[in-house]
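In the two complexes below, chain A is the common chain; its partner is chain B in one and chain C in the other.
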Partner chain A sequence: MKLLIVDDSSFARRKLKQALLLAKPNLEIVEACDGEDALQKIVSEIPDYCITDLVMPKMDGISFLNEVKTRGLAVKVVVASADIQEQRRKECSELGAAGFFEKPLTAAKITGLLAALES
Partner chain B sequence: MQEESKSRFTNHGVFTDESIRDFIAEAEEQLSGIEQEMLALEEERSSRSRVEEIFRHLHGLKGNTGLVLSESEKPLPRIHPLNYLQTGIHAIESAFDHLRQPAAPPVTDEEIAFLFEALDFLKEQVSAFREGALVPVRNELFLARLGLCIADFEGAVSAAPDVATDVFRDAAGQSISAARAFLKEIHAGSLNGLKNLHRCVGTLAKAARYAGEVLILDPAERQLALVEEALRAGPGVEQVELLLALQKEIESIFDSSDHPEASPQEPSGSQPAADTAKGVIRVDQHKIDELLRMVGQLLVLKNGVADLAARLDGTHLEEGLRSELRGVSESLSRASDELREAVVTLRLFPMRNLFKRFQRLIRDLSISLGKEIRLTTQGESIELDKTLLDQISEPIVHLLRNAADHGIETAEARKALGKPPHGTIFIQAFRESSTIVIEVSDDGKGLDTAAITARALSLGLIDDASSLSEATVRELIFHPGFSTAASVTSVSGRGVGMDAVRSAIRSLRGTVSVRTLAGQGTTFQIRLPASLLLTKGILVESGAEEYILPIESIRDLVRIDARELRDYRGMQLAQIGERTLPVVSLRSLLGIEVAGRATRAVDELLSVAVINHAAFPFGLSVDRFQGEMEAVVRPLETQFCGFEICLGAAILGNGRVVLVLNAEEVSRRVFGRSETQGLLEN
Partner chain C sequence: MKNLGISADLLDALLETANIGVGRAAASLCELTGRPVEISVPELVIFKIDQPIQMADLRTGTVLRVAQRFYQGLNGHALLLLNESGAKQVAKLILSEEIDVDAFGETEQSALLELCNIMINGVMGSIANQLDILLSYDVPFLDLKGVEDFGDLVADLLPNETGQIVFMQAALTISAETVHGYIVMVLDEVNLATLLACLAHKI
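The block that comes next holds the complex of A and B.
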């Protein structure tokens, strides 16, 4: 099982990776630093799942979700963001996000997040 | 560990060191990103994209702060820098949310000032967190936000349309000036000021509500609500008192527990906690240093193999074996050169990181000096060793302060001279073979040579000004304790001037020189070796000894006919290229042998290295040039202190240890002699 982490902060990526591996040690993890990078990684690495941030340079999370949807890419995406406005949440789910989690991601949230991805 | 004892309070042992370092390194990048965008926003006040970028960086920093906070097992105290960081970012975001609207008005001066103040607040929190320190309870950001809200409110009141609001406007006006006065008191640390401001805002709110019943005062009322909100969000009077008491208590615990056990078992070479964040590159800097040291050893071995191959080449060894050895030696040489190159590159960072900080410095200086100063930079992508980059910052800041304070004239003075009203300071970096050159220029009034000469006479540095060349005069400003600043200002000119700059640069194996043109400006040129540990040099022989002359100090290598030397007042001069230069023999300089033509054959050709000394190039004659080489310089042990003529020692391929000459010190010995005689002209 392969998972792509999309976040412009390398600190946040590293922390998330640590937490994910703690919960699921055999997880294979790839990283991308913005939406554009993520789209390339989806093509080259073929991850099963993806956790994306929303606020990023170049291509933000919303445009990324949009691209995944219009290109019909076979990857399940959940959003992790500090921006928890209901409208934003709705927008993401309309664009096909399988879940929405508020940052920071605690261990309990990680468990829920993995469950949402695998359901 | 010392690091732990320093940061015990801050971290409560709940964060891993690694995550702190990562967080701080990224936070510093984010803050520097915000600063860049703010400087740009100050120039283009209507730029939505700058605002968006600021928000994006803030958002990232807030997210990471939240992440670190969430890792803490127990809640951190309210006065913890991370909590301040989080609430601070929140305050900035809500204060500036309106700027994100597509039709938002251009950013005002007050808003820019607030932004910079807010940025400083955030920086303070990050560095407090890094150093495990407590931040002052007095929350500058909160105060600045209050000031901003009051200004907004005032603007909204004066823009209120109806004449019937006159009574309210008068009342509001009085309250506003009262509020401003209270704000000042709070800035000065008065709790009464805060109490009074609360009351004053309460009165204003009542007045606004009353006026709002009869009139449409919508914008004013909304702004006032913001003032109230800001007051509520900030520490209340009771909270402030509580926090002050709490801080005192914590400080006393901190003091008593920290000092007595100040790590007696700690090895003396340990780094202070503040340095750990600097060390984060991607790999720990110490690991790279270690790698570089190993590469240094490899280079020594490589030279050894090459030497062995050369010696065996002339023997009766089977030709096949010999050529194989040659081949292996050459491949080893190539591979180790590439490895060295790669490792050295790991330590290189672009000047951009340095230049970014200077934009802010110049901005602040121009405000505090009341001058219009612009900073332009060139060569951002030139790369410099990380250690050099960290250590060259302070000398450059010194030069920038001097340029802003003493160099650039006021706008009026400039206009009177027919110059553009704004002064320009230009920093450029470029490469000259293995030397990095950094120039700091200003278009101000130039060095006052008359004042310098007068000062030198009064200090007794020179006896007679008439025979001094301009170059010598310029050199005088680097003399310890030399300062001609007519008045000491807070910006520069405390007498610890250019000599401190020079010695800092010398310690980096660099040089600094100055050119100036009266009324046109001054340029300081700093020359640094691109790498601190490795040096390229020419191996020379003098007496029975070999020395290495670092290549960055050599302008040219020439051979001159000994008969062309002419005596001039105790010195020997020779025509080299287009100039007449003094020629000094290394032997006599080192006291190995008395210089004199008697020991030389008349038709002897002298090997002369032209040394690139700042103002006065000169020839250094040696017995023989042995060739170019590269070596790792190791500093001399402390028992050799006072032996400044050498930078250190290097080990050659054949195992011999040779001294690496310090060209700066060589120059000083050459000119230390002649300058006192005041005879040097070139």
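The block that comes next holds the complex of A and C.
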């Protein structure tokens, strides 16, 4: 199972990668630093799943979700963001996000996040 | 505080709305550092850009500033300010490792930026949820600034013609560490009026 982490923060990517591998050691993880980078990685790496932040340079998470939906890309996406606005959560859901998890990501949230991806 | 023409009830509602968000930010800071965090009740302050205002715990030296512009339902800036040595201690706590105390490397900056982003979004998102407005955010940035007073921390964020701003601030400390800081929301008077109108509609 291959998973793409999309976050402009190298710290956030590293912490999330560590937590995911602790929960699921056989995961293959690739990283992208914004939505544009993520769209390229979806084509080149063909991940099964994707976890994306929202506020990022170049292409933000909302635009990225929109592109994934518009292009019909076969990747399941969940959002992991510090943006806790209920309207934003709804917007992500309408754009096809399979789940929305608020940062900071605790071990319990990581478990829920993986469950949302694999459901 | 100068009289803003805000009724006592509305001011109370405004500060309580902010207080809920600040509590959320404190919980995130506590979770990431593993230390108890104390945050003061927010206060509202009128600030003339050319009038020196000092922030007690950041009176001297260099301050780490993370700033994030918000827009759409409300326009302004949210800041998280930490004393320099405190910022290094926080980075050490969230990275769970020794860091070079004389330098802010890329790893430390990335960790602090992410932490502050979570805290700022906790405050602003909570306020937006309570007021049924939607905020969009720019990518936050981090810098170290030598400061004499609060004006040094906001002057470069504001249009030149800005004369007077309003800010809501809450002081934060981490127990057993010499970490002092502030969470600040900076608004001009037009956006304060927008915020108060949203709030009046809710109460």
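Everything below uses one rule, namely that the second predicted complex is superposed on the first by the 119 of 119 C-alpha atoms of A that agree within 3 Å, B and C clash if a C-alpha of one lies under 4 Å from a C-alpha of the other, contacts with A are read in each partner's own complex, and residues count from 1 in each chain.
Convention: contacts are C-beta pairs under 8 Å (C-beta built on N, C-alpha and C of every residue); 3 or more make two chains touch, one makes a residue touch a chain.
Just so it is clear, the structure is predicted and the values come from calculations on it, not from any experiment.
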Let me test your reading of the model: by the given contact rule, A:Thr111 touches which partner, first (chain B), second (chain C), both or neither?
neither
Touched partner set for A:Ala12, first chain B, second chain C, both or neither:
both
Which superposed partner A:Gln87 touches (first chain B, second chain C, both, neither)
second
Who does A:Gln40 touch here: chain B (first), chain C (second), both, or neither?
neither
Using the touch definition from the top, say if A:Pro57 reaches chain B (first), chain C (second), both or neither.
both
Just checking: does A:Lys103 make contact with chain B only, chain C only, both, or neither of them? Give me first, second, both or neither.
both
Overlap of the chain B and chain C footprints on chain A, listed as residue numbers:
8-12, 55-57, 82-83, 103-104, 106
Residue numbers on chain C that touch chain A, as the complex places them:
24, 28, 31-32, 106-107, 110-111, 113-114, 117-118, 120-122, 125-126, 128-129, 134-135, 137-140
Residue numbers on chain A that touch chain C, as the complex places them:
8-12, 55-57, 81-88, 103-104, 106
Provide the residue numbers of chain B that touch chain A in the complex, in ascending order.
19, 22-23, 26, 56, 59-60, 62-64, 66-67, 69-70
In their shared complex, at which residues does chain A touch chain B?
8-12, 14-15, 53, 55-57, 82-83, 103-106
